[in-house]
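Input: structures, listed below.
In the two assemblies presented below, subunit A is common to both, partnered first by subunit B and then by subunit C.
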Partner chain A sequence: MAKVSVIHVREATDEELMDISRRYMLSLSLDEMKAIKAYFISIGRDPTDVELNTIAQTWSEHCYHKTFKGIIETNDGIIDNLLESYIFRVTKELSKPWCLVVFEDNAGIVRLEGDWSIAVKVETHNHPTALDPYGGAGTGTGGVFRDVIGVGAKPILSIDVLFFGPLDYPYELLPQGVMHPRRVMRGAVAGIRDYGNKMGVPTACGAIGFDEGYLCNPLVYAGCVGIMPFSRYTRKPKPGDLIVLVGGRTGRDGLRGVTFASTELTPESEKVSVISVQIGNPIEEKKLLDAIMRARDEYSEPLYSAITDCGGGGLSSAVGEMAKKIGAEVELSLVPLKYEGLEPWEIWLSESQERMVLAVPEGNIDKLMKIFREEDCEATVIGRFTSTGKLRVYYEGEVVCDLDLEFLFKGIPRVRRRAYWNPLREWDPDFPMPTDLMDILRRILSDPNVASKEWVIRQYDHEVQARVVIKPMVGIHGDGPSDACVLKPLKDSWIGVVVSCGVNPKYSRYPYKMALSVVDEAIRNNVAVGGRRIALLDNFSWGNPEREETLGALVEAVKGCYDAAKAFDTPFISGKDSLYNEYRLPDGSYRSIPGTLLITAIGIIPDIRKAITMDFKEPGNPVYVVGYTRCELGGSYYYSIMGIDSGVIPSVDLNNAKLIMDRIVEAIDVGCIRSCHDCSEGGLAVALAESSFSGGLGVEVWLSEVPRLGLVRDDKILFSESNTRFIVEVRKGMEDYFERIFYNLPYRRIGYTTREGRLVIHGVNGRVYEEDIWSLKDAWKSTFNW
Partner chain B sequence: MLGNPLSTGEASMKVKTLILRAPGTNCDQETIEAFEEAGSRVEVKHINSLLKDPSILDEYHIFCIPGGFSYGDDLGAGKILACQLKYRLRKPIERIVSEGRIILGICNGFQALVKAGLLPGLSGLFSRQEATLALNEGGFFIDRWVYIRCEEVTRCKPLKDLAGAILHAPINHAEGRFIAPPDILDILEDDGYIVFRYVDPSGCISRGWNPNGSMNNVAGICNRDGNVIGLMPHPEKYIHPYTHPSWTRFDNILEDNCLRFFKTLVEYTYLHIL
Partner chain C sequence: MQDTHRVWRVYVSYKQDTLDPVSMRIQWEIRDMDVKGVEKVKVIQGFRLDGDLSEDDVKLICEELLHDPIIQEYVYFLEGESNIRLDGWIIEVKYKPGVFDSLASSVLEASRIIGIDRLSHAETFTLYVLNGCLNYDKVELVARRCLANPIIHDYKILPPV
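Moving on, here comes the complex of A and B:
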């Protein structure tokens, strides 16, 4: 075996085992190394480097989610498998017939109409983006598109949620090995732009946030929505089916990406791990997509019996997963390479982009090859599925890997971790009310987190495919911030898909309430344009789970997800976690990101012609606030401007929240709503300002009318960030309809829209705050006027 | 309008349009729908099948190259596709032009036609590249809705019925800034080669409404015979009122979408080419 080395684990001491784990960058723990040792003792030989790497990829945090699936000891008892105990459980309990595929394939699938279904996936690509912003973010997008193509769906929407360090961070204070946030942001945006635009997938949904916690570890969440006839969904590879590798060639880029993603970053990462970042080529993926769609549709049945993305872990993971219940044989020397000189383990593990693996019944292979040839896309038979229960890999005829699939997928020792969480005590501070609240409003509007991201959004193509009917920017000048995007995916039906997000790391010090809040935010954004029958996706980006408090916070957030999803009657259909988002400095100190939970909501609207946008439409319409405003300013932009770090983080009234959401949808359906905007960052004040300048209309409101609990001060009413609130412009003459729909729920008419472009707010004690809407818009737009 | 022959079942579907698909083409689907909606029969072919049998092109009245990033735009937008047209599909394309059939390039298709020397083609078909579409003034890809005016005086007979019309449509491109040497630009201006210009909502030429820095606000041009037409904006993105960026503001849905652009082409084809 010329190119394969054998690693002696059978006689290795514990110390030597850990040395092997480090030397081969396996990121495996001692327990796991011991399990490997025991397995190879039992079969009477030592592993090859190919085998050891295969096991390490399969058992990585990234692929196996061992923390989420492990045993966690908490002060309230033991949690056996966090995923099953909370996230899967709520989906099972809600048991929706329209959930077709949940948590068991590359993407979640829900029914749309008839046979048409929607596939959704959201991924993280944080570590690669830290090292190479352009390549990391671009291949994140390309990777999540392939997840959706990997269930047989055609991508129709790209979603991107990004977090960076502060853009004005002083260069001289940057930790060693860390790129400036501006450079990271420009690179990441360009990467997403070039991949999504060239693939012809509209990028019409997302968010960008900034916080010092992301200085060393930027976050890139890349999501994709696809459409497919569900009758074309197939994933049953049969023994005898050919293993066909399609798409791009295999190179040395993206080696050990998943084990790299399962450790923290250090100043050395750039040198040691840059090989883990893949090099993307969107046109290769576009050809791949075109060919796969033909292979799916051109005959009475798809030409493949199973399909999967070749992503994290490369062929080892793609073939391994497909062969899980049967077996497979692969000849690595058949794999087309970008250049000569790859060792067998490199071919087997490479995460080179734009590749997918198909299982093809022998009778279909000629038809399949013809399609791929016509589309200028390479397709190569590299092996065959078997019924041996073994994953057997050859290189030039010699066996380089021969593993029992049972051991590979079930041999991993359960991880046991401790979690600890100390509930936060919260109080609302007392301080004198500032006099110039409009100045504070301007400052919040120009905060990079709130300010217009038009500079970014216009670089993304959100028109291609001509399916986006509610765009990311709306209003009279086409630049107001839409709450959600709506797609009309079918030519002959009015049904729409509604996509929105919720994320707020400013609440991360109270992770349970953060989870409630972001689920509420994702749903209310969806509802604000008319979405209903909502499914959720969860994406956790967290620090090192081996630290008790970090894991404790994660457990709290997961519990919040369960409670919120249950109360809103919204199942989770897919998700992904990214742990170890930390940066270790040479002096041993570390920086961790704030625990960041992204919730993506996928709703439908039966008739897109009923969809609503957030911009005020006509002068003289009554303006209502729905939902209680409470004294919840913890983590608010107001307190952050005032330099206050205490305050109560917003919670969600789980008994009433769903009712309020349902009634908004009802009011939209009967046609009494002209505009609807959710209240989130910056509270009522920001929502009113945004609806005004987006519609080019003024508004006059009385704070004494705002439905509120325990609040008497103008500043706190204006800037509280309580959940489940909407600003609703009701069609004149339809006030009665609207009020009847909201009978018994917290709502009040607070004022009306005006023709003059002024925001006029009457305080509780008669004080009047007034500002020109165009000056507010300037403040909102000037931050990213790059 | 010409008594709309397309409303009769017999007339419709006689016009045959071919939509070209190359690696990286990504606006094919909506362009198909636009031509179908306008009453044409539509087929879509991959460039590889045309290269195998170039005579396929003879079967169609309209040959449309839609938007996208053909071959990744790797040597510049539309450049590789332009070479394919120029060196491998030359004969059938010359036949289309001389027989008065129509070639339409939208966005990437326009870029390819210009780089192949088909547009404006002052010195003859495929002879040399006389203009270009350079990187936008802003320096990167931009997605924005623009107004374009179809010029009153042009050589473009197929779009004669659209003269004076103002269309609202998005641009989605990185390389769309129309540039030509002064002598060429003068000829284009004087001899009616310019078909579309970026204008303000009232139809006036204004610098502020020029999204990419194109010379003389040029958004689209044609060749000498007026039957090869190219434009940067995407009329196929606004066939249905609900893809307009602010349709939720209107109580009555707008009907002045870009379907009339495709209808005009198909009607002209029906009346004058068939």
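Moving on, here comes the complex of A and C:
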């Protein structure tokens, strides 16, 4: 007899419904429970635990994004579906022919050259990492690789952006059940390292930041770029196709990870979550990848008609999604298990890693099985797609789940939430200018957010596959901070893929401008090495959207994404959100993360031999600043060192920004640029210092020449974090070319590179600031001297 | 003649005069996590091999799979019959039941590949042998703060004999 229980929802009162939601850890609201009750009344029976869990997974915030797709009341009116209204809309409006698959599969796909195309996905894996940094971050990486494999592409780059609490946080003050940021960071880095390195995927792009807001909720964004011939893309399971589960075996790991991800963490999470923790096995995934690539390529057509990752929600979500428009039948007792004793709902929902689901036409099954046998990778037929419109699951022949797919995917009541946002009034404070600006520069350089992450980067293999052309560390000693990563994915073509990111939680108090800023940052990092034709990915990590201000901030950020993407002519192709990143302390108070928007930019460069790095190349070259420096020091490192929490958060001049980016690319193409570095954290001063010590050359500049608006003080010119600015070293003798390209745009020659290793800055009033570049480099490198 | 059910334990560690980066790393991390008094750490990778294995089987598994003959050495013994002395405080860390142990699953699979199909179950654990000015509380602090994660690990502390 099947080990299934029936749950009596039809006669349940509201209170009892909520009790069921809690008892079975469904994380469903009363409205949702009522919708379930109504459905089962209409079909005249009560649900099984398998059915209830299936619905809860499908309707979870993690899978369904009910906040983003819900109805939001704001002071300026109603927003019906935040995703459709802004993110999807900009992609639709820009309507780029090179965007092949957007927002409808596991990963976004853009054309590269000929039939070759690039698949990209960035995921969050925050909650699991808070509990077990090593396993959580590792499986985050493994999971996003499978997203890319899940469209039929081969992973060629791993991207990782991490946020932790302050590294010097006192142990005594750590809330109960929270691990120290140092330990979380080391564990997370090791997890990412071990997954990428062992699977043979280079990890060559990312960022790491620190803020007290991440103490209880560290963030892990794991991304992956893959390559595939687009003619091999297929996503149309047909009734009659077999459902084949491939890869690792199924155990209890990661059960209910999805509903878990849609709740806040509490000290109790530590106790209940042993089942939510997943442990990765990269070797298993490598075998899976090899087998799938053969199944994709060995015959005139792929042996599968559809493929998907078995991730959050396990089989229930993978099979459910594929069967959405047709129907499916699955026999759970066929699923290979790691150990005996799993109940049917556990098999159906398990989030054991390294598994994928294929839809395979019956005629291909023998060929497919042969390949998987040869690659020593398990493959099992567990069911069949049907045309019944139903998701029917059996255990040892007995029906344990029989749901209408229409109800499962469309039956969820729309979430209705209120958002409130009080626009921030900003002003720039007046205070006496400190005398030792070079000391401030040193302190900014050694701030963990800015300092060299070489300790982390060196643990990641960024050479494997031999495709990475511009590596994360550049310059004469191979340790300067690269703006972006450039890949050469094809053997017989010079075309390159340029990957960069932008993220800045220090601006989160003004979410609209934060969104503009991080889109600008991602794009200018991309442009700085020669990237163009850029597509974007958005990843929101936010607090509890049931609070009006938190949701209000999210709405503001989404609006910023739309405006920026429209102005830059850069469509979104994929995205993911992670909400409820909060920690409830025993006394009932909350700790929420700062709203954190990560933008990943994917560009191309027609000829990788023209790609530019950020280190100064020769002495005596003219150095230009492109873009206006404004009085925008809100959220800057300078003000944070000075203990100032006011100031104006940087915005973006949406009318000119795209033009400036385009001209940089043009100047790189004609060959008049020797080095190019974007100005971001720490402003002009940090960018100049980084380009100098990376190239082993000095630089002498005059601040009076910097194109600026409303700025007269040396400190503010040096440390303002205005967007859309670049430091450009122009090839001597090509100044005219360069200046002609930038005609009518803000640019000025501010100085030149020198042979002596000194940073020399002439202030507007004749003061001279001077510092040895190697001492600056020491400051930058000593923080993570682990 | 059929052997009764026996469980073998294997300890793998770096050879005495070889650079031991794993132990050095852990020692550094303990210091970095603000625990004072730990002067020396030795990390031992442990395996528990369950099944109807002869001594030759265990030796073959150790030789072929569990250690790197250039830099590492191993000892094996029947559980409960050890006369191996480890000097210092010992913290034994292993996965909680139900947490997937990928290293152990590799040992199982690889044993089959080298022709030993009587290994029915494998587990891994790590022993940290600590020396210095220590007491139980301090060692437990090391375990909790640096070495074991209560969500996935069980740990056990053994004072010096």
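Quick notes
As a convention for this text, the second predicted complex is superposed on the first by the 784 of 786 C-alpha atoms of A that agree within 3 Å, B and C clash if a C-alpha of one lies under 4 Å from a C-alpha of the other, contacts with A are read in each partner's own complex, and residues count from 1 in each chain.
To be clear about the criterion, a residue touches a chain if its C-beta (ideal position, glycine included) is under 8 Å from a C-beta of that chain, and two chains touch if they have at least 3 such contacts.
Just so it is clear, the model here is predicted, and its values are computed rather than measured.
In the superposition on chain A, A:Q459 makes contact with subunit B only, while subunit C stays out of contact range.
Within the superposed three-chain arrangement, the count of touched residues of subunit A is higher for B, of the candidates subunit B and subunit C.
Contact with subunit B, but none with subunit C, is seen for A:M473 once the two complexes are overlaid on the shared chain. Legend: residue contacts after superposition of the two complexes on their common chain; A:R186 is shown touching subunit C, with no touch to subunit B. In the superposition on chain A, contact of A:K781 is made with neither subunit B nor subunit C.
Judged by the touch definition given at the top, the superposed model places A:I283 against both subunit B and subunit C.
Note: residues 281, 283 of subunit A belong to the subunit B contact set and to the subunit C contact set alike, using the contact criterion stated above. In the complex of the two chains, the subunit A residues touching subunit B come out as 190, 193, 197-200, 281-283, 286-287, 290, 374-376, 457-471, 473-476, 478, 488, 491, 608-609, 611-613, 615, 617, 695.
Taken in their complex, subunit B has these residues touching subunit A: 21, 23-27, 29-30, 33, 46, 48-49, 67-69, 71-74, 140-145, 170, 172, 234, 236-240, 242-243, 245-249.
Listing the residues of subunit A that touch subunit C in their complex gives 131-132, 135, 171, 179-180, 182-183, 186, 251-253, 270, 273-275, 277-281, 283-284, 338, 352, 786. Note for the complex: subunit C touches subunit A at residues 28-29, 32-34, 96, 98-102, 105-106, 145-146, 149-152.
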